[in-house]
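The letters A, B, C, D and E name the chains in turn, as written, and every chain counts its residues from 1.
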Amino acid sequence: MSAILTAEHVTRRFSPRVTLGDRIAGLLGAKVDRRAVQAVTDVSLQVQQGETLGLVGESGCGKSTLGRMLAGILPPSEGAVRLSGASPMRGKHKTTTRIQTVFQDPNASLNPRIRIGDTIAEGPISHGLVTRANAPAMVAEWLSRVGLDPAFATRFPHQFSGGQRQRVAIARALAMQPEVLVCDEPVASLDVSIQAQILNLFLDLRQQLGLTCLFISHDLSVVRHVSDRVAVMYLGRIVEMGEAAKVYAAPRHPYTQGLLDSVPKLMLGGNEGLSFKPISGELPSPLSPPPGCAFNPRCPKATELCRRERPPLTAREDGTLVACHHA
Amino acid sequence: MSPALSAFWQEYRENWIAVVALAVVAIIVAAALFAPWIAPQDPYDLANLELANARRPPGFVGSDGYVHWLGTDAQGRDLFSAILYGLRISLQMGIAAGAVALTIGTLLGVLAAHAGGKVEAGIMRLVDLQLSFPAILLALVLVAVLGQGRVPLIIALVTAQYAYFARTAYGAATAERQKDYVEAARATPLPGRRVVFRHILPNCLPPLIVVGTVQVANAIALEATLSFLGLGLPPTEPSLGMLIANGFQYMMSGRTWISVYPGIALIVLIVAINVVGDQLRDQFNPRLRR
Amino acid sequence: QNLTMGVIAGPESMDPHYTATGTHSEALKHVFDTLTHSGDRLQIEPGLAESWRIVNPTTWEFRLRRGVKFHDGSDMTAEDVASSIRRMQTLSGPNPTSIYVRRVRETRIVDPHTIQVVTDGPAPTLPNDFIRLFVTSTRATAGLTPENSNEAFNSGRVTIGTGPYRYVSWTPREQFTVERNDAYWGDRPHWGRVVRRELSNPAARVAQLRTGQVDMIVRVPAADVQTLERDRNISVVKAETVYVFNLALDQRENTPQVTARDGSRLAANPYRDPRVREAIDLAIDRRALAEVAMEGLGTPQSQMVTPGIFGYNPNIQIPTPNVARARQLLAEAGYPNGFRMVLNFSNNRLPGDAGVGTGITQMLARIGLEVQAAGQPAAVIFPARARGELSNIMAGWGTLTGEANYYYAANAHTNDREKRLGAFNWTGYSNPELDALIQAANVELDDKKREELLQRIGAIYTSERIAIPIAAVGSAWAMRRDRVSLRVGRSDEETYAWDVLPASR
Amino acid sequence: MSALLEVAQLRTHFLTRAGVVKAVEGVSFTLERGEILGLVGESGSGKSVTGFSLIGLVDPPGRIVSGSIRFDGQELVGLAPDRMRALRGKRIAMVFQDPAATLNPVLTIGAQMALAVQAHGGGSERAARDLAARTLTRVGIPDAAARLDAYPHEFSGGMRQRVAIATALLHGPELIIADEPTTALDVSIQAQILAEMKQLAKQSGTALIWISHDLATVSSLADRVLVMYAGRIVESGPVASVLRAPLHPYTRGLLDSLPAMARPGEKLNQIPGSTPSLLSLPPGCPFAPRCPRATDICRSDPPVVTQPGRMALCHHPLEMAAA
Amino acid sequence: MLGYIIQRLLQAALVMLAMSALVFVGVYAIGNPIDVLISPDATQDIREAAIRHYGLDLPLWQQYLAFLGRLLRGDLGTSFVLNIPVTDLVFSRLPATLELALASVLIGAFIGIPLGVYAGYRPESPLSRGIMAFSVLGFSVPTFWIGLILILTFAVNLDWLPAGDRGPTVEVLGVGWSFLTWEGLQFLLLPALNLSLFKLAMMIRLSRAGTREVMLSDTVKFARAAGLSELTILRRHVLRLISIPLVTVFGLEFGSTLAFAVVTETIFSWPGVGKLIIDSITSLDRPVMVGYLVLVAFLFVTINLVVDLTYALLDPRLRRGGRAA
């Protein structure tokens, strides 16, 4: 097994634009808010050939940002992303076609004015993966592989249901013959019944094509279902990463524990009492993360040490990585 | 007609005022196109005009035998013919200026939205400046500098208007730019040019079309105002605005027809275009759809 | 009693020596008096100078009126005249009044009421020039520099003249108010207070007269004359002015705005061919232009000066339009199919200019020329003319000094900076015979001989068609019948409060 | 004592250009005082429209075509607008899905809540703000009085939803309709709000209609559950029995689709096809095209209610599992 | 916030620089003003002396640099025609224009917004359709034309109101204002109405569009669900929400109002800067043209800045730098 996709200490900041006027005002002594949003901080990870790495965490914790950096859409502020040893981007622009992305909202990720056949064929033609003449055949094949009638190629996105659109989006990504697929919450906007269809499709295709995947979701059960390994993010950092079965069965980090506890379970035996236990408090602002361990204000186990010192992500005996002083 | 278009027309048809307006625009455009065949007189053939027939009231029978149903103007032109030809010029100017402004403005706006950073800031500051700066003053200076004629006038109108398109296009393009399908195109990756022209641009068109109709009407009105201020087209090829402006001096003396009939024609045209534009705006607004 | 006049413009400063613009001097004549006056028909009349005579070919002597007092009570003397001349020579504006004293070499004060003016050569028209020699007070203007004098005048501090009215207030481009000077030497004007309101838009002038916001207005638009004449509350006075519409044609080798009908270059400038010029002349129906385009406020003309002007030649005939002959002439000149030309004219300079311009365009089209009308504001067209970018121009000219050489010397003489003649001759026309005549007239002190010279010049001018005169512009004043009446309409269109009388009941 | 709410044969249709959208087609149910009722179903099944119909706020092309809604004995269908208004906010309140969109971004929290207080004759501005502050404290906003002057954007999403809930609670309504109030929130926040809502409803005896597409949430919150499909209630009953032993194949399908019901990496038991267009439903059972148990009768005849008490709208209900 | 203001001021300076350069080149291209102004009996020497006196014989860039040098000292130059410093000239007339523009914008707002809100609230009612028809008219009819019709009707034929001019003014803060006296108001009414028609139409359309959108929003739905009356919703929620786009357009339109004042002032002989600029264009009075445009550019930038600050005031989401309380 070899790592096909690696991230080495990647960090991504979003800084507010500081204008000349702001600078002058700064010189004059006015306070200028130049705090940058630390969307992702010092993340290192490896995705092995053929495996699926799940990425979970609350909204705003930097999942998409990390995913976009790994997919080569967004350059990291620091650190490096490597796809089979090479950077997927040159400058600010993506160059590789070997990693493709499926986005969350299939309504938004398809251009409403372009027939879906053209949407699928556009990339391969542009990169010479298929000739213009062979494109229709390729489109037809991919449509049938994602479970759509090849005759739909001439339809527009609005003529499809949400689930069908997501199938088109998957076909578009796969038509580029990628080695790695980044799925950014591909089922978050779908109904459970449709979600099941898409997840099944995903599992099928992954197996058929031997794809390597990064699967982002905030839905813990979905991540559990598809991933070999999971990484849990909190406020821009990975706090726990390891084999899915182990992490779910025995979460080490208090945040992972809290997250798993706060999800309502399907109660088949009546609802005496609550099936879940909320984490107290709210997500701190990424503009001013708390010192020490970012989770300390919400953590039941927090001590003075946690408020002072940030725990490093260290490997435990079973191979799981955890960033906690007390785990 | 494609089903989408026919559905669009079904919806359009529900507003009878808009239908009437569309018919009016169509009739006016047709009348302007076929002016040489409809008009009893060729008002541009100067040799044909008789100064002795100048400023005659409606119904006057000219020395050459035809009845001037709308009277004649200060050059002895048959007003009905002059209005038809004037519509032609006004429409020409309006559409030409509107089209050029649309092209330039759209390109600038989309470019700004796409490029971001300094280019974006530069273009949008220019546009803001232009928007806040009175169009008419700008046109005034430009016409004075460039001299008289269609091309300078179109340049002036375009300068006065492109900013509206740029702003609209920019707004639409920044909205589109954030949509996932643009990111998807970038993530494929498709070349930047293709992203702009195939993906972003077509999706910015509906609001631009609406702004376009209104701006054509505006260009016509602005041209009229410039004519009024003495900076319009040559007087021998009068636009509607020029006819109005020329007749303006006779308003006080009761020879109102010289200015009023072209005025009515102008107002009907602009109102009709605006009503059509309004309806399109409503129909393009997804929040008001049902 | 108050008089409120709606005027077009002026003054532009309170300093009478600041600019030579007509409306400026018209307004300031209320406050400042001039050495000589011009009558209704521009004849020279005594003003502050009671009389004048030629002492020798280069010296004029002016006798000043006695007992004339400035508004501050001080006496007006020859020293004031001399210092006024000095001011005019030194002050500089965009339109410097030094033009009125350009002939003056020095002044000699003979006694407090006699002054001699030495010129740089025989200057027969000096009294005409002095119509606008405003006399300011030496004492008041002492110490003023060109930089601060305007402010001093505008504040009213030194706005001290000997005129029939005194300064009260002035807001630029809005209104100018004066009140009667009871110590004036001449006839006591009727109105105690006069307000000149600037209403440059003609429709606004007419509207405000009709609502009674002003008592009278000047330069009634031709379009409204008939209607106002029919209005029972309003009376109208009309007069012929010294402004003459004329069409000047380029005489240079190459001219920019003329091509063959297909747009190709012509071998030569057709306007240089006398037959072409005659054809154009014959194409123009002056009567129709005067009656229709100018709505009756015009009189056909075939010379550049109007009948009242010194040097008018009564023998010059107005040609009868003849389209057939014109076409024939064009054919003879080698243009059987005509040619393509732009016709330039001003469209905001004088009443009716745009109408006359388009009217001529029609008439030229009828003899087979392809004409494109280009009516433009004066601000655009005059600088273009000065740069030599035009092939022709139809505009008005007014011989405001009342003397014909004013026109010929500047326009018909070869442009010769040595001799300071022909400064406005942009067409490149040059005729040694005519130049000699103009120079002679310029220094001829004998009025009889000079008039004869001027008439000969006029005859040549018209037969050469250096420019084609078309019509004299008429002007109209309108007033509230129940309040005021106008004694007479002046041919230079200037309107003075003392010419306005209360309505006779 | 009669039920708080009795809905009978409610039909709400949208007259659109494309045709009549029968968003709610013959919905009937009752709700007791203090009861929590879960309303589940896929997107577009008519859950929100049902909620809006109850409070009389169906958007223009839509209207209640027939049926009856009796609230505390009073008929709400056809009630005069101002009498309906007097009920809204006072006795029936509603909370929406997206807390960012429900609050007016340019008014302070205090001002908005005060308007809601005064809408029902609530005395002085001071009194209104006091009530607002007290209610905010109840929904767990610390230092509420000071935060009245804050604007919505200064609050996090969860806090905003608390403000919306507090606004609904101001007048102590007898019925709250909560339309997916936690869908837009994070799991950790969702859990907090769920817990609080449940507690508040129990404390004050308010009846709650909880609209959601998340079966797990409903299972731990509601007493009874209604499952909607294509504008109809296809199954209803006590939450435990419905989820443990669904009668309707659709409910079964929904449950089986959940990843939690399968082993990781295994194929899920998906329902084939997608929700039908409400413009042109097939004759017979609307679920028939997707139903594994469908027979000819399902495709031709509309199903009828079977098994009163535990009701299901199906020709071939699943057997009640041994319970 | 301060940084923002400084940034805007820097932009303003840039705008003014660009504007002045543009106008300088433009006027230079039209021609030499002396050729328009000078008397025809001037000799070549006098003409050239005058040209030299104004430095018009220098190359354009030298003239422009000299202008910039003066500008830095706050000197916009002196009118050729009136020989009065441009700043004095413009500032003496600016109040009249501002008063006119403001009056028209207020008329537009106070009549337009309620009408527009109504039309947006009840888009299908006949009255709303009438309002919209009127607004299209107001949009379409050229200003100069309406101006004359107003004069003909109300001044000349009915004799209710004066036909033009500014009438008496009352000095407050050293500036004359018309709106303080009844008579002054009468003079103000027609031109302000003339100028406001376009704004009025604009306001109606904007507030209608805004109201229609806001009425469909969850905010309004939620307010309804809380039992608020329709009037309260319109007054408290809708008006506040639509005021944000309105203010932006308001600011932008204030600029064009000042510009269209050129036409209205010409027709009504209103002694404002618009008439001044037309006069200076017809006489190529370059210092006035350039000075005016530079000042106007400055004014616009200021207005836009004020608008943006107001915007921030109206929309709390845009307030930066945190709240004091």
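Going forward, contacts are C-beta pairs under 8 Å (C-beta built on N, C-alpha and C of every residue); 3 or more make two chains touch, one makes a residue touch a chain.
Model, not experiment: these values are computed from the prediction.
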Between A-B and C-E, the pair with more C-beta contacts: C-E
Remotest chain, chain A as reference, centres from CA atoms: C
Gap in Å, rounded to a whole number, between the CA centres of chain E and chain B: 23
Centroid distance [mean C-alpha coordinates] between chain C and chain A, Å: 85
Chain A-chain D separation of Cα centroids, rounded to whole Å: 31
Chain B and chain D: spacing of chain centres that average the CA atoms, whole Å: 51
Residues of chain D touching at least two other chains: none
Multi-chain contact sites of chain B, meaning residues that touch two or more partners: 144, 248, 251-252
Where chain A touches two or more other chains at once, by residue number: none
Chain E-facing residues of chain D, complex: 55, 57, 59, 85-90, 93-94, 96, 98, 101-107, 111-112, 115-116, 119-120, 149, 151, 153-154, 164, 167-168, 170
Chain D partner contacts - residues on chain A that touch it in the complex: 58-59, 161-164, 191-197, 199-200, 203, 218, 220-222, 224-227, 244-245, 258-259, 262-271, 274-280, 282-283
Chain E to chain B touching residues, read off their complex: 11, 14-15, 18-19, 22-23, 26-27, 29-30, 129, 132-133, 136-137, 139-145, 148, 152, 156, 212-213, 216, 251-252, 255-256, 258-260, 262-263, 266, 277-278, 281, 289, 293, 296-297, 300-301, 303-304
Residues of chain C touching chain B in the complex: 202-203, 206-207, 210, 221, 223-224, 226-227, 285, 288-289, 292-293, 347-348, 354-355, 357-359, 361-366, 371-377, 379-380
Of chain B, residues touching chain E in the complex: 17, 125, 128-129, 131-137, 140-142, 144-145, 217, 221, 224-225, 228-229, 241, 244-245, 248, 251-252, 259, 263, 266-267, 270-271, 274-275, 278, 287-288
